[in-house]
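The same subunit A turns up in both complexes below, where it pairs with subunit B and then with subunit C.
Right, the complex of A and B next:
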C-alpha cells in the first residue's frame, strides 16, 4: 500500500477528508508516521491481508462519494479477512495506537504488542477533537475555555 | 555528597509535599537544613547546580512517557525505581484467601508485579510517588478545608477519636498553606458546615470557572436533598492558578506561574505547572542557601541516644542507578529530625528502626503503622440527556459538600461528592474502551477473532453523541481508625536495596460499608434529578471489590493515605502531640498525612500542608 492509498483509504474509514488527514502544508507528518506502522515488521501484519486490503480498496476507491461508504461497508468492513486491519487503521487515526492484530483490542489479553505510535500521534488523535475536546494532557485552550460550548467538527 | 562532617539544625527525611514545605519555612528562618530524598532528582532542583546529578527527571520527559503509555494511570509518567519503589495499579488486585505466598526472591521481578505485600482482605487502593516533589506530581489540586466537626468525631458523634486541636487552632495555618500552594476559591462559597474565615480574608485567586457539567448539575440539584443533606453544587478550592485576588495588604497575588489551561490531566501530570507541586517550595528553599538536598538517599534506620532518648542520626543507603546496587551507607546528623516520608514509608522506617527499641522508634503507644486509612471511593457514571462536553477543563472543578456532615455520622460514614470532568475515563477507560466497542466489539466468546463494527460518518456521529454526554461522580467516603488496617515492614520481601517492603492489612468496617451503601443510593437520587441514564457497573479498576448485605461494591483508592503516626492527647493513645513531635523522642517530628487521627472527607493535602506549617513553627520555637 502506498502512502496515497493509505491516506485515501483512511479518509473513507475515518470519515475525515483526505486534506484533513494529510494537509497540503503538512508540518506534523502524521499520515507518514501512521503509514509507517503498516511496514513495521514487529507489527506482524500478514502480507496477504495487507495486499488484499490494498487490492480491494483500489477496486472501490473510485466509487462516487454518495455510494462510497456503502461500498466500504460491503467490501472491507463486512469482509472478515481484512476488517481487523481496517479497524487498526481507524485506531491509528483516532488514538495514535497500534493494537495487536491477532487479538481483539477489548480483550486486554497479554502479552500483546499494543503501543502508542509516538507522542505526536497521541496528540493528533482524532477522537478528542471529534467530541469538542483536546487530548488529555495537551490543551491549546485559554483559561476558562471550559465554560463555553465547543464547536464540534461537521460530519458530511 | 559527603555530609558526614556537616552538622545541620534539621534533618528532614523526604523531599515530597511535607518535606519541601518544611524545608522552605525552616530555611527561610535561617535554619540549616538537610533533606534526604529516596528517589531521583528533578532537573535543576539540586543544592549545587554544578554538581553532577546521578539520575534526574523533568516535566518534559514525564510528559513523553505519559503520551506513550497505553494505560494512562497516575504512575504512567513516572518510571519505577527499584531502589525506592512505589506502588502502582498492579498493586490493586483482589487478595486471595489465604494470601498466596509471595515470590520475592528476585526483587525487580517481584516489584514489577506490585510493590505492596497486600494481605487484605481488601487490597489497599492508593498509590504514591517517591522522587523529588513526591506525590504532589499527581495530586488533583483539591484544597478543601476540614470542617469544625471533623476535628471532634468522638465528642460530637461518639466515633473514633478527637483531634488534639480544633479548626480554630488550624485556621491561620490554613491561610498560610493556601497562600503557599496558591489556592483559587471563593470565601463565601466555602463557608459551609461551620467553616469560618478571618475578617477580610480572600483566597489568593478567584474561584476556577465551573464547567458546563457543573452548571448542569447545579441547576438540577440546587434544591435536592439526600438523607437530610443538601446536594447543592459548589466550586472546589483548587491549588491551580486562576485570576489573582487583591489580598488584605492591597497587593495582588502573584506566584509567577501561568494560569490553568484546562489540560484535564491534573492526575497524572499537569503539563504546564499551573497546578502547584512541591518542587515549587523546594526550589525556594534551595534559593535561601540554607538547604542541602541529597537524592538517591534511602533512610533505613533511625538511631537513638540511649541516655537522652533523643535521635542522634539517620542512616541511609545510596545508589547510582535505579536498578543498580547500593553504593554505600552513610549517617546524617542534626539537632532536630523530621520524618516526612509519606504515611506508609514513614511508618515503615520507624518500625524498621528496631535495633535499640524492639517496637521501633517513637512507638511507645504501639500506634505506629496502625490506623491506616484512605477515602475509599465509590464511582457512579452515566449519560446526560444533553451534551455537557466533558474532557475539558481541570479534572474536577465542583463538588457536592452537603453530605460531609450531619447527625448520620454517628451511624455511617459521611462523604463528599467530586464531580469529574473526564467523562468515563476513570471508571470505564474512556474514550478508548467505548470507541473499541463501536469499531471492533468483543465477540461473545471473547476470542480474538475479527468482528464487524462501525466506521466513517456513523462512527463520528456516535463518538459525538456518546462522549459529549458522559459524566461521572466520585464519593470520597470517610474511614475510621481500625485495628484491622495497618502497615508493617515485610519480613520476607525487600526492595533492590534490601529494604523491607510494606506489608499492608486492610479492610472496611460497617461504618464505611454503610457509607458505600448510602453512596449508591445517593447516586440514584442525583442521576434521577439530572435525568441521566445510570451506567454504573463494574469499573475497569475492579480490584477493590467487596460484598456488603449481599451487594457487590467496587472501591477505588483516593491516594489519601492517612493515620499511620497519628497525633493525639497522650503518649498512650498516639505517636505525636498536636505539634507532631514524638512523645518518646524530644527532637523528632513526624509530619504528613500519617498525622491525621481521623480522615474527615476533604482531600487531605491542604490540611496536611497547614499541619506542616504548624510543625515548622513548633520546631523553630524549640531552638
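Right, the complex of A and C next:
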C-alpha cells in the first residue's frame, strides 16, 4: 500500500477529507508517521491481509461519493478478512495508537504491541476535535478559553 | 552588473536571485560605508533596512520544506543584518570587525517596565544606551525564572564557570503600543479591556510591526577567541540572595554575544515570526563533537552524563571542580538553512575578513503555516530551540534517539501562546507584559 492509497483509504474510513489528513503543507507529517506503522515488523501485520485491503480499496476507490460509503461497508467493514486491519487504521487516526491486530482492542492485553505511535500522533488524534477537547497538557486555545463552552463539530 | 558578477561568484545565481527577490526592502544600489575620513569604501548587497514582512514565491512554487522555508530564513537573515547594522551612520556591518548595533539602541525591558510602575521615558530618551546592564541569569526576567527554574530551565553556565546573562529589548512600534495603552504597569493592564494586538509589519503598506529581541551573553574569559564575538563592556549585576549570604554587587566585564532571538509580528504571521541565531562555537550537534574544538558550552572531556541538564543550583562560580552546562544541539540546523548561512557568511567576509558577524548562524525560523487555522496557526518547524536560550528544553535522548514531546519540547509559538497580561487576558505572544510592576505610591 502506498502513502497516497493509505491517505485515500483513511479518508473513506474516518470521514475526514484527504486534504485534512495530509495537508499540502504538512507540518507534522502525521500521515507519514501513521503509514509507517503498516510496515513496522513488530506490528505483526500479515502481508496477505495488507495486500487484500490494498486490492479491495483500489477496486472501490473510484466509486462515486454517494455510493462510496456503502461500498466501504460492504467490501471492507463487513469483510472479516480485513475489517480488523481497517479498524486499526481508524484507531490510528483517532487515538494515535496501534493495537495488537490479533486481539480485541477493548481488552488492552498486549502491552508489548499496543503503543502510542508518537507524541505528535497522540496530540493530533481526531478524537480530541470530535469531543471539542484537547489532549491533557496541550491546548492551542488562548488563555481563558475554558470559560467558553466547547464547540462541538456538527454531526450529520 | 559588477555587483551581480561578484555575488554570482560568491553564492551562485540561484541563491542570489532568491536572496534579492525575497529581500523586500533591499536597497537597489550596493551600500557603501566609510568611517569619517577613512578612505576605505566597502560595497555590499547586504542591507540595513528591516523587512516589513516575509516575501514568498508565488503559490504554485511554494513547498513548505524548501521554498517557503527559505523565504522565512531569508527574512530572518535580512532582519539580523539590519538589526546588527552599525548604529553609527555611514558604516557597513562588520566593516571594522565589530560594531555597536541598531538593536542595542532599542528600549530594554527594564526601561519600559519600571520598578516604580511609572510611565517610561519617551522613545528618544534613554534608548541610546552606552553601556549594557546585565542582571538576568534566566531567559525570562527574575520574576519568572531567575534561579528558581520552573520547567527545569536555566541557568546556563559557560566552560569558565560563569553565568550567561540575558537581556530583552523592543523596537519603537512595540514600545509605543505599550506606552499608548498604559500596559507598562499592572494597573494599566488590569484596566485594559481590549485585546492586546501589537502592530503588524506589512509589505503592502510598508509599515513596521512589533519586534522584540532577546540576547544571551557570556562573560569572555579563558579559552575564548574574542575576535569571534560581538562584544561589549557590560555592567554585570548580581542580585542579592540573603538566604545564601549573597550581597547585591556589580562589576564591569567584557561580554560576547552567544545567542539572539528575534520575534517579529507581521500581518501574514500574526503568531509572529521567530528567528533564532547563535554564535558558531556554542555547542556541537549531538553525537558529532569536533575533536579538539573549543566550545562555549561543551567540554569533550566531561562526557555526556550531564548532557543538556541544568547544573547544580544555585551555581556558585567561586567553587572549583564543578561541571558547568554540558550542551549539545539535539536538532541539527536544516541543510538548506546551513547553505544560506554559508552564503551570507561569504558576503560578510567580503566586507572584512575579520567581520565578527560571520561567526553567527541562523539556527532556524519558526512561523505559523496556517495562521487562521487555530490560535497557534500550525507552527513549522514544530520544534525549535536555541542552545543558549532553550538549553534544557530541546528534547530528550532515549536509546540514542532524540524524543520530542508536544507542549514540553521548545516551540516558540506554542509556548508564547500561553502569555497573559496582569488582567488575565492573552498578551499577543509576549511574556514581557507580565514583567510590569505595580505603581509605587
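We take it that the second predicted complex is superposed on the first by the 149 of 156 C-alpha atoms of A that agree within 3 Å, B and C clash if a C-alpha of one lies under 4 Å from a C-alpha of the other, contacts with A are read in each partner's own complex, and residues count from 1 in each chain.
Everything that follows uses one rule, which is that a contact is a pair of C-beta atoms (placed from the backbone, for glycine too) under 8 Å apart; a residue touches a chain by one contact, two chains touch by 3 or more.
Keep in mind it's a predicted model, so treat the numbers as computed, not measured.
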Touched partner set for A:142, first subunit B, second subunit C, both or neither: both
Contacts of A:69 with subunit B and subunit C, given as first, second, both or neither: first
Subunit B versus subunit C as contact partner of A:25, first or second or both or neither: second
Residues of subunit A that lie at the interface with subunit B and also at the interface with subunit C: 119, 123, 137-138, 140-144
Contact set on subunit B toward subunit A in their complex: 63-64, 66-70, 72, 209-212, 242-243, 259-265, 269, 271, 387, 389-394, 397, 421-422, 425, 431-433, 435-437, 439-443, 446-453, 455-461, 463-464, 467-468
Interfacial residue positions of subunit C with respect to subunit A in the complex: 62, 64, 68, 369-370, 374-376, 378-382, 403-408, 414, 417-420, 424-426
Of all residues in subunit A, those that touch subunit C in their complex: 23, 25-28, 119-120, 123, 135, 137-138, 140-144
Complex contact set, residues of subunit A against subunit B: 12-16, 69, 72-73, 77-78, 80, 83-84, 86-87, 90-91, 94-95, 97, 102-107, 109, 114-116, 118-119, 122-123, 127-128, 130-134, 136-147, 149-150, 152-153, 155-156
